[in-house]
Amino acid sequence: MEKIYERVSFTSKTSPTGYCPGCGHGTAHKLFARALEHFNLRDKTVLVYPVGCGGLAMPWINVNVIGAAHGRAGAIATAIKRANPENFVISYQGDGDLAAIGTAETIHAANRGESITVIFINNANFGMTGGQMAPTTMLGQTATTAQSGRSLEEHGAPLRMAEMIATLDAPKYVARFALHDAKNILKAQQGIMKAVELQVKGEGYSFVELISMCPTNWKKSPAECANYIDETVLKAFPLGVFKDVK
Amino acid sequence: MAKIEIDKEFCKSCGLCVKECPKQIIQIGRTVNSKGYNVAEQTDESQCIGCKLCAIVCPDMAITVYK
Amino acid sequence: MEKSVLIAGFGGQGVMSIGKMLGYAASDAGKYASFYPSYGAEQRGGTANCTVIISDEEIGSPAVSKLDMLIAMNQPSFDKFAKKVKKGGSIIVNSSLVTSKVEDSDIAAFYVPANDIANDLGSPKVANIVILGAYIGLSGALSEEDGKAIIKKMLGSKADLLDMNYQAFDKGLQAVK
Amino acid sequence: MSKEFIKGNEAIAEAAVRAGCRFFAGYPITPQNEVPEYLSARLPEVGGHFIQGESEIASVFMVFGVAATGIRSMTSSSGPGFALKSEGISFLAGGQIPAVLVNVSRGGPAIGTIEPAQQDYFSAVHAPAPGGFRCFVIAPQNVQEAADFVYEAFDIADKYRTPVYVLADGMIGNMMEVVELPKMRDLAELPSNDSWRFNKYNDDGSARILSTYMPMGELMQKKNKEMAAMYEAWEKNEQRWEEYMVDDAEYIVTAYGSSARIAKSAVKELRAEGVKVGLIRAITLFPFPKDAFAKLDYAKVKKMFCAEMSIPGQYIYDVQNAVLGQSQIIPIQTSGGVILETDMVVAAVKENL
Amino acid sequence: MSKEFIKGNEAIAEAAVRAGCRFFAGYPITPQNEVPEYLSARLPEVGGHFIQGESEIASVFMVFGVAATGIRSMTSSSGPGFALKSEGISFLAGGQIPAVLVNVSRGGPAIGTIEPAQQDYFSAVHAPAPGGFRCFVIAPQNVQEAADFVYEAFDIADKYRTPVYVLADGMIGNMMEVVELPKMRDLAELPSNDSWRFNKYNDDGSARILSTYMPMGELMQKKNKEMAAMYEAWEKNEQRWEEYMVDDAEYIVTAYGSSARIAKSAVKELRAEGVKVGLIRAITLFPFPKDAFAKLDYAKVKKMFCAEMSIPGQYIYDVQNAVLGQSQIIPIQTSGGVILETDMVVAAVKENL
Amino acid sequence: MEKIYERVSFTSKTSPTGYCPGCGHGTAHKLFARALEHFNLRDKTVLVYPVGCGGLAMPWINVNVIGAAHGRAGAIATAIKRANPENFVISYQGDGDLAAIGTAETIHAANRGESITVIFINNANFGMTGGQMAPTTMLGQTATTAQSGRSLEEHGAPLRMAEMIATLDAPKYVARFALHDAKNILKAQQGIMKAVELQVKGEGYSFVELISMCPTNWKKSPAECANYIDETVLKAFPLGVFKDVK
Amino acid sequence: MAKIEIDKEFCKSCGLCVKECPKQIIQIGRTVNSKGYNVAEQTDESQCIGCKLCAIVCPDMAITVYK
Amino acid sequence: MEKSVLIAGFGGQGVMSIGKMLGYAASDAGKYASFYPSYGAEQRGGTANCTVIISDEEIGSPAVSKLDMLIAMNQPSFDKFAKKVKKGGSIIVNSSLVTSKVEDSDIAAFYVPANDIANDLGSPKVANIVILGAYIGLSGALSEEDGKAIIKKMLGSKADLLDMNYQAFDKGLQAVK
């Protein structure tokens, strides 16, 4: 018998990620690490990781990383890539980070068409700080700062970053995938491959949003989370490729 | 002929592989790892078709698949 | 009188709720109390611990260097904190999960198989109530009545569980007698 | 008044409501999350408003806007969040707008650690932002004072039309203690703000301008002089400190906030052993209680000790400026989430007898 | 070397390029606009990069990212912009990343005035952000020094792996003077950064982690101690000041930056009238040149005068802490864009003879 | 003869605005002041004005004003309206302010659907600070920080805020007008009337972008500016109503 | 019958009214106001049709129109 | 020798360029020089002024309380700054636009109709060069040659305008002789 699925060669051999059981961050990490492996980019890679749960992977992934301040990964990635075009630059960000405090940095990196790959983990809440409402929280979903659930009147609708970024001229690839089951994970892997290849070829900015689960703060088992995504989250955040400039 | 290997120290007992396996041959077992998690295990290797879905869904790359 | 206890275990073991119950009970009994929690950065899978101080006077530091008592709910907690107990202090060891023994002869050891007792009672969740009982049996900071009163208050509407919890509490008390 | 066993962050939040706070905006950051969480549910119950801003910057400017309409308002955060609020704090000071800022501080610099520390002292006391203004800064040492000082902060803010900065730390924010919460204020009894809130038109129909922009140097200097005069008034009238066993003391320990309660335990322990040691606890940090140090009889004081959870030391610098070389001052410091321990203070004093 | 008649902001920008700066990010704000404007055209000429960030925050974090890759980088701004850069400065310090920050300061608080002032002293020197760290702070008094100090700042930054803060003001930034610009550095001669830049993989193939997050208190405290030790080394080795006619002086004027050149004119005028007055000018503000004050013979000094363009005074506080009560210190202050005048200094001294 | 056009009743009777000759800010002020007059709102109005040239009007307009920090008007207006629903709240902002430093505040106020009226003066540069490049500067247009002109590769394309905001669920009215000739000014007046009425009726968020000229920094006469808008600016920023929810 | 009045102290000589007037009866005149601007003036009142375009385009509301 | 002059006028009058030319000329002549501008917040329509100091030694304050000389290009500037000139100092008044007279007998007054002279020369733009000439004629800080050299340098490629500018300069010189 032959190994047909094994761990990414350069991630930790001794311990799993620091995430909670079933957390989508682990899945997302696996996917972009796989893409780096595929394109043989590991030794050129610079990963800009966020404040937020996504930062827990930093010793696990074994690529050169720089820890951004909350929300500022877009600016940091921009500048590193400009000044060091030989580096492969990924910015990895949560929804609190990318869609709340970092909105300006996100939009302007996209609008300038920086040659970076943005991986956006949308888990519909501020995971690390304990489940506060994010701009991406579902209507009706409860959060520690929206204890009777997000309401359209008070909080507005979940913010669709991918759609907004797709209105800009410069971005080359803007898409949304989900990470709650194998079928979707496979599609997400394809999307990430595409986004990575784009930077490899020097063609510009790509943005991959990944609908992800946070079992701990959603207060659901991973399996229940997967159902919640199917039944509720994907209604607010339709999957798809919003921009794909050849 | 196919089989999977689950790295006990990487498994966090999330149960996503259990949900995903088309043959329903994974369960959360009684073995507890050093972090206190009950580790997933394959119940019937002979039925495994090597579809990799379990490994694909595992957030912690705990599963290796052979075929 | 000022009594400090550090309660430590895995995230899901109810460590924080034991600590808070002690605080509420002390408060209801008209004493000073402080509850000081410490969490890791990871939301799950880490360990959790809290320090509770019950006193007749205003409390100084809520995080003391030397403990009157340790409640070790799992092995890593025992390993990490046993050395922080002062001479003459005591350790309540959840012997269902902790295999080590207290080796320092100046420290009193009480082995309470809290998970086993709880399982025997038919409710794995009350292991922490067993421990609450053991603490009250030992520390002298709170009375049996204080303990029962707070259990009743915490359960609130779930009065049907009261009996089971009282039983767990009593088992804990007895385990250290 | 009944007592409650309550978490520091929640006590802060409830005290604000009782003081008449009807607006809060903030952004999540550990270790202060229960302040916004609690208020998100509580403020609507009393007809107030809670907004989770899209950032700390947005949040502090939301407070700026609402406080300028005369509604008692508050924001809270921790170290990195206060970095981002700094421009907004400068606007509150420059606009002479009363508001309360609560820093449940943690270790730094940068992300640092979420554990408690006292490393935001200089930022709070000397320079919450560029521009040379100050906030009124007050530092509680336990949950009771956290509630009391937040409550009082709203009155101080209104009295001087200034931002009041409550410098707590993650220890106070996250611990629970037995507390007597202050009474609920009747909004009708609060001081009138009709003379200054900018969204009221003047009686002659003319409009009000709330601007911090002073194109002419002379105007700006006039305003700076007014602010400087206010700070002098604070120094004269508002210095606050606690003395414990200072009268006959040959050794003086000084500290503020959480460190002070720890230092007090140490003083008790040392007194029990017969060491003539006393404690000066700074309660207001700006105005700094320099009179407490000025009135010491330095002929009697053999040595001083300054305890704080900051390395490099910060509080010690202001103590030095108050002691003016009249006594040696020995630092006792931890930082970055390492909690000061009673033993450390005891040991430091004993080594220096 | 030929001399040029050049504007302060442009001299700063050109000096940075000559020092090997190859990255700049900034956001417009008066009175420093010529720095980014000049560099937007100049940096590409030497293979460098200029980015106008979408804000001061984005700009300072752009510098954070690029400086962390070992490329000499700079940002500049003025008061309100430095409020917004504060978190980023904290990241530079926490990440031990060399970078140069130039504040062409104006009057505050808040928007204040675009005219020159020295009201950002505490912010620059004591607390560029929460977290208890410091920057190396150096203050030029004229356009020549603005160029020289910016040039040197890059070396200091590299030597200590620290942000270096050049505290200028709108007077220096906007005036033109005759300047000899420093020579163009050869990038190949700059110190190697391979040992620390985070985007180089280690020789054993392992990755580098640049993180300011220290979940464990002990780690954070260790780092804080290292930083504190560095600051002590600065205090020991890097204090810099200028003395003018101090030797026989009975009256000492002290000032820094633009105020110092004005004060020097006053000292000359007073000396011409026979008054025994001297000047101590602080050049480094952190480390503060306290040795300059420690070595004075206070038996001879009758009175001291502290001149600054800030009300309330800020520099005077550090002077007090250096003088430790050994002499009276009389403030001479303007603020908010009102320029200190030679006459004011002369008059103040004469009133106090 | 009867007066058929006269000055707005509550603007300065003694002096014109502080703007340069031909500046679009004056025109924009006139239009919203007229709308306030029309709906009799002057005594309820709270104007949140920006840092930027737009701030120069503050003593001229004679309504209650609060000076925002650069970029923060969106947050300030949000909060004032929430806590003082009886006030009529306008946020008036330039393109540096609203589309650069204030991007996050702009988008989130819109996404929450705050009941405010946003007037956005797009003059394709940072006027007050001396003509630096803004996110809205034209491709090829020179600026003091883009001395050989904005380029697609280096700076990205002019940022279309109205289009981006129109992708959000909550906003009720999103439109772009121009101020360079009487015909367009009349249309802009209608749009502003509509936006003001929306808040009067308590129906939610409106966003009116006004293409404006900055003769001083464009280094053109007002008449040349008007031509530049017709020939160049309106190609990058098409006029129109992007959202109008009844 | 129509006419316009230009408030001299409000006019900044921008010339937009000159450009806009369909009758071409406005010009920048020789009168200089206290701020140093040459003020716009109507050359031939009799031709004015009261279309208001000049007033609408004036950024400083310097023009009043009568009809 | 240290000579200060403040030059003030409307935004479009070339006030800043006179100031800079003086600085460049002084620098070329090997002297110390400072040019300190002051602008209003409004981009246009305001007034502008700058202070230039030329000296043989290092310059102290670039913005002095008492001026050696004032150049008043318009009436508001005259009104605002005339009182800042020191006893024994002088004022160059652009009498084309300033109607006031210098009343203080301790201050020397030179009335130069700069705009009229420039108009006569056929180029309203050279009014500031007329003033430059007047300054050099009076101050003694720079020589005639310094002035002409800097005019030439500034004009650069536009050498066809040199003659006209020299004429303006000479007229200015003569006007104060």
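Here the chain labels run A, B, C, D, E, F, G and H in written order, and each chain numbers its own residues starting at 1.
The working rule: a contact is a pair of C-beta atoms (placed from the backbone, for glycine too) under 8 Å apart; a residue touches a chain by one contact, two chains touch by 3 or more.
The shown structure was predicted, so the numbers you read here are calculated from the model rather than taken from an experiment.
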- Which number of steps is the smallest that gets you from subunit C over to subunit F via touching chains? 2
- Item | Interface with more contacting C-beta pairs, comparing D-F to A-B | D-F
- Query: How many angstrom lie between the CA centroids of subunit F and subunit G, rounded to a whole number?
  - Reply: 25
- Here the gap between subunit B and subunit C, centre to centre from mean Cα coordinates and rounded to Å, is 37
- Task: Please work out the Cα centroid separation of subunit D and subunit H, and write it as a whole number of Å.
- Result: 55
- Query: Whole-Å distance, subunit C centre to subunit G centre, using C-alpha means?
  - Reply: 87
- Indicate the residues of subunit E shared as contacts by at least two other chains. 54-55, 57, 80, 87, 91, 110-111, 114-115, 211-213, 215, 339
- Residue numbers of subunit G (touch at least two other chains): 12, 37
- Query: Residues of subunit A that touch two or more other chains: which are they?
  - Reply: 19-21, 51, 67, 69, 100-101, 103-104, 107-108, 128, 130, 135
- Which subunit D residues qualify as touching subunit E in the complex? 57, 79-80, 82-84, 86-87, 90-91, 93-95, 103, 105, 107-115, 117, 119-124, 126-127, 129-134, 211-225, 227-228, 231, 310-312, 314, 317, 320-321, 324-326, 334-339
- Message: Considering only the defined contacts, which subunit C positions touch subunit D in the complex?
- Response: 20, 23-24, 26-28, 31-38, 41, 59-66
- subunit B to subunit A touching residues, read off their complex: 1-3, 9-16, 18-20, 37, 50, 52-53, 55-57, 59-67
- Query: Contact residues on subunit A for subunit F in the complex?
  - Reply: 100-104, 107-108, 111-113, 135, 152-157, 159-160, 163-164, 167-170
- Note on the structure: Touching subunit A in the complex, subunit E uses residues 22-23, 25, 49, 51, 53-55, 57-59, 61-66, 68-69, 71, 87-88, 91, 198-201, 205-213
